[in-house]
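Below, chain A partners chain B and then partners chain C, in two separate complexes.
== the complex of A and B ==
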């Protein structure tokens, strides 16, 4: 913040160092009054200025700025003599109108240029059925998308600004009376305590306000789907929207939420539950399969029945490396492919995928560097890691198998169990906005299991999750929803 | 009672998970041989007997805790004065620490015998205790979380006993009550080590949100464990002949050898690896209880006490080299546990009762 003694004059001088800052002098054609208009050119919407502001400036008869302010057909116009405020507004795209070059008071008129892309379909969290709009980089539009879905007077938006340079607008959204006030309090406090200069995206905020900033696990859920945000707001969670970021943050979140895709709610509950279990299984598979491969082949080949062992040995007999080297070689190749694919433009990325996946894979088997079986396992594990509906969790899953591999190399299956215990302890100690991350598994909230590992039908979801401690735990009358009917009625 | 902050407390029903995960430990892998040594094919009656005795002692513990407002250390001080009472409490601390030690060392022995003959004791012991420190430093809630998951996760192992059914012969259990009662009681006494664990309630009681309601959960846990042990004993007795069983130090592990699936054989490897989950809460809660007592009695922080106890356990595991040593610490702990539960606790109850009477008269 600038010193309070700074005058409007010196403030304008500073801004004037930049060549896109303009101060122009006009003359009112009825009164002959001279008018100084200052603005930053790229921030101004010329159409608004020409249509709504300049006709009044040049033709309307006024003697004071007050008169002019009343005459302008724009809401966002006011008199100010605070240099800091003026500077801020000029930077955001306001016009500063003064009657004298040395005046300390000026009229600020909003003529902000708003350029934003149109609403597109969600690309990260795509779903076949269900709404197809996703957040964009404008906070106002994103709030509009939420308000449209929750037309309730209880939907409350708290505005903050973070970043000493970026002064990014940030909205904390919750439904008053449903969200736990303590959670809102926690979020607000943490946001106010953020110390950073340039906040670009909501993922900056995640890293700045998370409970444990060193954890591999994301502790706030990020989503690009307004429908998902609206749904969890109704459950009693708190959402954070950041201007310039097409991803909203949701908290307090839990581990199981990261494995639930929002599409689960668009499908029949049995199918949705099946998909969730598949996802959990694939996550476990993805993390554990190569460590188990290393453990078994290093130490416990007795575990494998005779026939299967034959297959394994045939596929491995030409391989000059111990299992761990073989596995690390393939795992790193897959990571390399993934990273290359992510960095390259889509079309080239596909080519790389084909070249890498098929050519390197088959070639390395034929060259006798890796075994067929392992190639299948690693490819499956990579595939399984992409089933996590939240991108950031997928990254965590991919990284997690490396410590497991090291422990498996050291102590076999025992090492895998040991590493599992470490991860479990870490997860137990994690919190999201001060709420346990493993809820409803631990602390056990049996009633919340209706929407955790499986999802029960909507008629059984009459209560909000008890781990959220919402002041209004009943969503709707569950008894009315469940109609009991007799045969042939 | 008021000294525990609410955010480190857990719900009363977690007592079920704490006690059960604490009871099921290393003993399960091989208790069958020891009890059938004296009670033969009637050993399952001994298990039930030990369970019944456990329920009595547990009820006694709850009664004692009510008298001292939930603080067992305070009870010691009330009965024996500040100085002697604290010494007794410290003895309890040593008892819990040695429990962690025995469990850990026995587990390492199992690993060395069944999985990795050349596993260095210090290496695994150090890593394991570091993990326990990581858990225990997180506070009681994390320890209870570990108890919870470490009971749930390995519970799938129960299904593996299904494979054993094909090879059982339940006529081996007949005739029932074939052994003299004294032998059966003696075997029940040998069960102490395997049943041990519920005495931790004396110290975690203040950490339960509504302590009094936890009694039913504690008893439920004890009952479940007893039934599980009985079932396992019956299964073992039906699976092995009596002479065969006498040669099986780890009967449960031998039974796992029968598990056969199209992609897995020799299930005991998986069983042993999974047993890490089972013994983890044992060691953690032992360390936690021990350091908690030290904090209450001595002018030390619980962290400091915890590190000291862990170092003690580490050195202890190094000091025991072979099977005989492991056997010895197991039988010593069994004896201490027995005298503590069935002799010392009733004595304490009697003292408390007399003290109440005397006070009432005065």
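== the complex of A and C ==
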């Protein structure tokens, strides 16, 4: 990398090795002054250069760069003689203007090309009701989306750069006075300690700053919804935005937060609570149903109700495999379909889904390879695993089924219980930014249950979650919110 | 615990724990009912019912063997089946009349020692032999489920008092109660509940007839649903559907000369009334007639128990709860001559929607 003694000349030489680096010489038409302009072509917005810079460069009478700098209608123009700074700016899309080829001082003018896609609707966390904006790859736009929602002077943004090569801009956002300073401190420290060269996306950051990097469970919630980020910032959490990533990170997070869809807040609290319970049930169902099937059929025929016994036996009578082989066959088929569907273009993916789901499923039952009861269970389990609102958690749930299956095969229901104990032990020891991951379930924070497994009405949510240790626990006057205000008062 | 220790513990747990024998559902023969019959003072004949599940219906297969103990019979029968025979999901255990009269406890005992058998298992005594009854063909669901459903609905909604393995053992081991079991009989293509078999210890000593089962149930258990027909004078009758019954047992007098009082209160609705409109006075008449029937029949039953010196109601247990320093022996010495009074209170709450 750049040595401090490096001159502007040698710096330009190094850049010149790349063919998209240009240095062109122009002549001012009024003074006849020759001007050297250097830039990296793909990074430059030609329109800005042609409209705002070149007219002054070619027609304005100036003798020094200082004069030119004052004349340009652009804010971001300054004189520099630091080769490192010049290099950095050139790489970001500045023009370097010099009056002499060997000059060590030059004028840097910003003509950065900003190409970004327009705001689109959230695709991963789509909701039928509620705002339809989602984050995009530009950090500035993402910060704008947040500021727009929280017009408060307490909204604080700390900027960092991570990655020795990528120098990715990263913003830690929190509301001063609401977020626990300790959490902000933890995030900042961990980000500063990141050792990596090329940080592409916020998922890199999750893996780099997680409390337990080997855990299957994501320890920071990632979301593409600015409304969700704004809502949790108001609760006292900390958000991390990474330039180039359309997903923001939220921490400290808890397990139950991964199963709450943001749509829950747009619906009536009873409906929302019902959906949330359904989701939790489906998670348990998805993880446990096939292991229970294997365990019961292998070891615990006594547990099967007498009326179900006939159904199960007739469906399995012709199957040549033991239950575990049958289950693994179907589970892997589903995983294959999911993986194939995810890798293929949307339209082909749909076809594959239909081919796989209908043809393979029916054919394997007809060929006597799997029982139809199991086919229903596996399909339901797969369906249930997709109800998880956060994609990354859905992956975890799909993977967790396999160790459970292994233990069920070895030790029956005892094995399922054993595996459950291991998972619980892990979850209990897991932390997110140093805060317990299983809160408010354990350590029990009864007051936080108002927005955990169920969601109580907004009027009952007058206090911020106590597990966040916010310095300002009261959100609003709960008593006043509950008062009945009649029109004819 | 670091990763290595964890792995080590996991390996040790999975490799050193030995193997549990797998019983894959479709590779075992699952018994759904068993029956035991008397052969000689030392030997019994065991019959095992195995359902053969097919798509449309369930066929029944029975296997029999003669041996000295129930587990021995199971071992004998293993020789006759291609797949292991397991008894974890039996629903019903039947005992032939003769075996029951010789004492059936040795053949109940094995069930509660086997952890794979639930205590909700139904036990019943069979008129004739259990083998004969199990060999019949009663329904498309298979005989096991048929028998278990037959007992279940008669216990839950009709006049068979609640019994199962758990309750039988409780009654058997209790000092102040004698057990009873339903009494079944094969009638052509069906099985019917014929009455109640009453035990002294583990031997059947008496059978309660079908028409007395209602009174037996209200004495021993609470009764819901089910209909009882009250005969009024001149060939008139009224059917009363029962809503709820309540039994109150109390003792008065000193411990040496206890006096028993059983109060039976019953609420019901009129379901059928043969003659004329149902006026408040007929309602009064039905109530009184019903009370009278209860009093007479319940008293007859209780007298019968006293003559046989058995206590299926569990009066000894009730008495113990009311007297300090109670002695079962003294109580049962006087049991035969225990003075009692039975009162009944019948209330008809509804007479139907059309009047």
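Things to note:
Rule of thumb we're sticking to: the second predicted complex is superposed on the first by the 482 of 489 C-alpha atoms of A that agree within 3 Å, B and C clash if a C-alpha of one lies under 4 Å from a C-alpha of the other, contacts with A are read in each partner's own complex, and residues count from 1 in each chain.
Basically, contacts are C-beta pairs under 8 Å (C-beta built on N, C-alpha and C of every residue); 3 or more make two chains touch, one makes a residue touch a chain.
Here the structure is a predicted model, which means the values were calculated and not measured.
After overlaying the two complexes on the shared chain, residue contacts for A:208 are found with neither chain B nor chain C. In the superposition on chain A, contact is made by A:444 with chain B only, not with chain C. Touch criterion met: A:424 reaches chain B, while chain C stays clear of it.
Once the two complexes are laid over each other on the shared chain, residue contacts for A:316 go to chain C alone; chain B is not touched. After overlaying the two complexes on the shared chain, residue contacts for A:412 are found with chain B and with chain C alike. Looking at the shared chain after the overlay, A:234 reaches neither chain B nor chain C. Of the two partner chains placed by superposition, chain B and chain C are both touched by A:299. Comparing the two interfaces of chain A, the one with chain B and the one with chain C have residues 299, 302, 304, 411-412, 418 in common. Of all residues in chain C, those touching chain A in their complex are 13-14, 17, 20, 22-26, 28, 30, 32, 51, 53-55, 58, 86, 88-89, 91, 116-118, 141-142, 144-145, 148. Within the complex, the chain A residues that touch chain B are 299-300, 302-305, 308, 411-414, 416-418, 421-422, 424-425, 428-429, 438, 441-444.
Chain A contributes residues 296-299, 301-302, 304, 306-307, 309-310, 312-314, 316-317, 319, 322-323, 410-412, 418 to its touches with chain C in the complex. Contact residues of chain B toward chain A in the complex are 10-11, 14, 111, 115-116, 119, 124, 127-128, 131, 134-135, 138, 141-142, 145-146, 148-149, 260, 262-266, 269-270, 272-274, 276-277, 280.
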